[in-house]
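Take a look at the structures below.
Look at the two complexes coming up: chain A is in both, with chain B in one and chain C in the other.
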Partner chain A sequence: MTSHATISIEPVGVRWQSMLPPLAVLALAGLGLLSSDYVVTVLGFAFIYAIFCTGLNFFMGYTGQASFGQSAFAAIGGYGSAILCADYGWEPLLALLFTMAISGVAAVFVGYPTLRLRGHYLAMATFALGLIVYEISIEWTSLTQGYMGYSGVPPLGIAGFDLVTVKQQLVALAVVALFGVFVAARLRQSRFGRALASIAGSEPAARALGVDIARYKLIAFVIGALYASAAGSLFAHFVGFISPEVFGVTMVVQSFAMLYLGGIGTMWGPTIGAVIVSVLPEALRGLKEMQDIAYTAILIFILIFAPRGLAGLSALFKRDRAQTREGA
Partner chain B sequence: MPNAVEFLQSVVNGIGVGLIYGLVGIGFCVIYNASGIVNFAQGVFVMLGGMVCQVLLAQLGIPLVLAVALTIPLVAISGMIMELAIVRPMMHRGATLFAIILATLAAQIMIERIVLLTLGDRPRTFSEFTPGGPLKIGDVAIGYQLFWILGCGAFLVLLLWLFFTRTRTGRALRACSQNREAAQLLGIPVSHMMLVAFALSAALGAVAGILVTPTQYTAYNVGTPFGVNGFIAAIIGGFGRAGGALAGGLLLGVLQALAIVALGAGFKNVAALSVLLVVLLLFPNGLFAGFGSKAKAH
Partner chain C sequence: MALLSVREETMRFGGLFANQSISFDVEEGELLAVIGPNGAGKTTLFNVISGFFPPTSGSIHFDGEDITGASAHHVASSGLVRTYQLVQLFKHLTVAENVEIGSHRVTRGSVFSALFRPEWMRRQEKAVCEGARELLRFVGLEDQADVQADKLPYGRQRLLEVARALAAKPRLLLLDEPAAGLNTQETEALAEVITRIHRAGTTIILIEHDMSLVMKIAQRIVVLDFGKKIAEGTPEEIKAHPDVIAAYLGGTEMTDA
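== the complex of A and B ==
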């Protein structure tokens, strides 16, 4: 195997091991139900970030590109849902889907010219997109109420049946997160997912195989934007309040810390990373003030010493298994 | 419609800020040329320059000249630490480009948070280098600090030019930027040059921060706008060319000042970032490279 280190297409088929991560997520949600509302809130954030990172993973892990501005789409989703539900009385689910559509269309318009760029230029252009949306969310006060933030967002619900308690919402978030990973997993093993992996491996080779690189990159970018938008909407409903700070540069770095810790380019890495990075600072209570410093320190440490994250460990395990299978 | 005085005034202000962007942009180019890396934490040096100098001046009561003489090496050391602790180990391990960019971005946030925790979030400033002013020419007011910015900026550019053309180290740096393998074969210690580049680039940022602080304010979070605008300046000038970055910075500063008059202060960063996207998409080799030229293979 000399291909891109983080990309490996696993054989299709359900083994009992593949059922472990979803069961772990459900167990975690179950644990949350038995705990205090505080623990529930922390786990809720973890699942929201898991959705965001799963989308980011599409573009960065599977396709080998970079987006430093994914927070822009989370901001569209968050503010869209907040405004539509609080001011216009929309159904939360309808608002979520509607803002996802807006984000998707925005991603097409923005991505079409931007994704021609490579390397530093792509990184800076996407970073600029995130900053532009952040600045607009501060300055366009008549729409977003600026630094004051937007409060009074109703909780999630369908057709008058609202999820009033945080515990009910946690279950909903866990289900949505699992659904997100399920969709990602199915897409990854499809013809489309293999095309993305070929782009990550080598663009000239992918082109030679007849992969329409620009189109596939754009689709992967749009999928990432849809996930980010959904995560932003869910955040608005879960907390009931959003402000520009939520969707700032910190969000970008935090999500990258999760993605790299869990293992970029893997199916469950984003979720695992999201849970660990969300829970860890809560476990180390004294770190409250130092939270951002801890995130960045973890991120830099992983980037230097273990760029494949925790999933790198499981790959070691897998190689052993593959060898024994060959031997048999 | 802004009248002629307003127009001239904003051009004057824009030149001052633009020169600062130019210095930051040169900082980007110095590191990029030596290592092939874009240091996303460039703006943090501007913030550190202003903050450290303010602390030395106001809290320790050190005279200005001495404070400046202390601030620049201190910030340069922070740049060297960044190179030694983050960039060098990553390059040795063959990290991907995006991973290195991300690490520098993380370093920026880490430094910002450390400053926030130690010095607080209060905006700080210190008085202009020479009291009095502003100088009035007709109805256009020119603060004395602008002359300091222009003078020091021009002096720095001259020093940089001498450094890159006349000194052994400077020429070795240029050799690295042309071809790193060949430079290494010629016996130039390339990794040592990267350290020099980070120190030099951090020092440039520090000077920019010290010069600009009296005209506005400094706080833990001013780094990102300066970094992004410096990057835009470097892009406009065609990435890697120091002279281009300076010209790009001046152009951007003036454009931004005009945008403030036309659109209001809040949207100046949005205007600058939009300029960035337009330049990136339409003129990927910079405005001065001629139209229709092909994108550099990055």
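== the complex of A and C ==
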């Protein structure tokens, strides 16, 4: 799979439109507070995936590379946080940051040799990475407890103040997800972000302008790993239990669906995609056996009518405005 | 001392000598054209000079530094910037952002400065943005700044590629057949832009098929044929050079010489 990243550029200035997505996320979190714990759990997963996908978007969207192995870093974060907090009584926040550092270092070691590959070969190599970590999480039972999974992970908390209820945690997840997008937006709109975009656009041209391609690919890969690790840690705390399946191939497939549906390479696409792909199947639960069919049908329709993802639709409004301006 | 000096440069692909013992100098402020029939080794020469592959033998010195076999991005960072025969734009980005990326070489900052945006970073961003607008004005694309690059007509894509290369403030600009695929009008506009870049003090090496363009703007010409340098001199000397005439008559592209 070569990734043809279509990246639409968000306007740099702060317009009221640019405040809509963060408000929507907060509104969703607010809605969660008024709903059952079940709804809260679904939204929580959505926000965790939003963090994961926002990170993956650095590598696959901005930089235009393919990684099927990002789940490996989520596993490092998840298992790391679970073990450090459940067995060694670490502060969740400290464990989260510590496992992020480990994932970052792991990403450098894995990325340095593999990122020389391109296209399908890179996809295969990263896919292998995901599988290897998956196998380790099954086989290294003394560390991970294998298929049994790791339970008893304490909830999120800061400095001894635990977020006991899922609703409190949902708010925390929403804030972290928004912070993740904020960081992504800042990095994209900079010399660094432009260098990533140049690699997605044309490697020969990027090189001819002095962009050190290997270096920037590696940084994008590491940033993706940091986000993935944080998402894994948050998952462990949110659910209180993790097992190898959580970080398996399903996670990769889900995150791809989210990226492409929401709009790969855009600022809000990963979040939009994460929310839709997480919430939609639950919203269709009433259809019983028709649920999966309706779900996939809707996904296909969205991809047909918004091939650049839902975030890409905002470009339509932009064009309308531009035309009105010319007309005036 | 010459800004660029190529010495005995040889590039062999298997049994084929794409470049054979080519030597020439480019002085600061010069506009040199490299011409030759198809397959003469012009683009190979560019690829070797700009670090896309190391020569089989020989050396390249740029601004006193030995850049033989240095990586392409290293060569570009030292101020030797090239364009491509087939336009290589960042198609999915706007015209303005294409040019902004061009300033990569002459700006600094990475992840942390992007995140925390210190004062110098904000000033730099502003300068990059204004510089891009100015270059777009220079090549006449200021009205299309917010258009997606691949929506531009072909001739303008060429101009955009030149503007992007200029954003890197090159000390030596390599233009690989910039007029390829352009109509007469577009070629004239391009010639005018190249002349202005040259007058503004940028050293240029130009590979070109369009003879009228080369004869009009080049100060000195190097002629390649079958991978070897067969002549070097002013446009007048080249026009009268027996080997050049033979090469072009013997070849298939005398038509517009």
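Everything below uses one rule, namely that the second predicted complex is superposed on the first by the 290 of 328 C-alpha atoms of A that agree within 3 Å, B and C clash if a C-alpha of one lies under 4 Å from a C-alpha of the other, contacts with A are read in each partner's own complex, and residues count from 1 in each chain.
Assume contacts are C-beta pairs under 8 Å (C-beta built on N, C-alpha and C of every residue); 3 or more make two chains touch, one makes a residue touch a chain.
A quick note: this is a predicted structure, and the numbers were derived from the prediction, not measured.
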item	value
Contacts of A:Phe68 with chain B and chain C, given as first, second, both or neither	first
First (chain B), second (chain C), both or neither touched by A:Ala197	second
Partner chain(s) touched by A:Leu33 [first = chain B, second = chain C, both, neither]	neither
Contacts of A:Ala306 with chain B and chain C, given as first, second, both or neither	neither
Touching residues (chain side chain A, partner chain B) in the complex	60, 66, 68, 113-114, 116-121, 123-125, 127-129, 131-132, 135-136, 138-139, 249-250, 252-253, 256-257, 260, 289-290, 292-293, 295-297, 299-300, 303-304, 307
Chain A partner contacts - residues on chain B that touch it in the complex	38, 40, 86, 89-90, 93, 95-103, 105-107, 109-110, 113-114, 117, 224, 228, 231, 235, 239, 266-267, 269-270, 273-274, 276-277, 280-281, 284, 298
Contacting residues of chain C [partner chain A, same complex]	50, 52, 72-73, 76-77, 81-84, 88-94, 97, 100-105, 107-111, 113-115, 117, 121, 124-125, 128, 146, 164-165, 168
Chain A to chain C touching residues, read off their complex	5-9, 183, 186-187, 189-195, 197-198, 200-202, 204-213, 219, 223, 265, 322
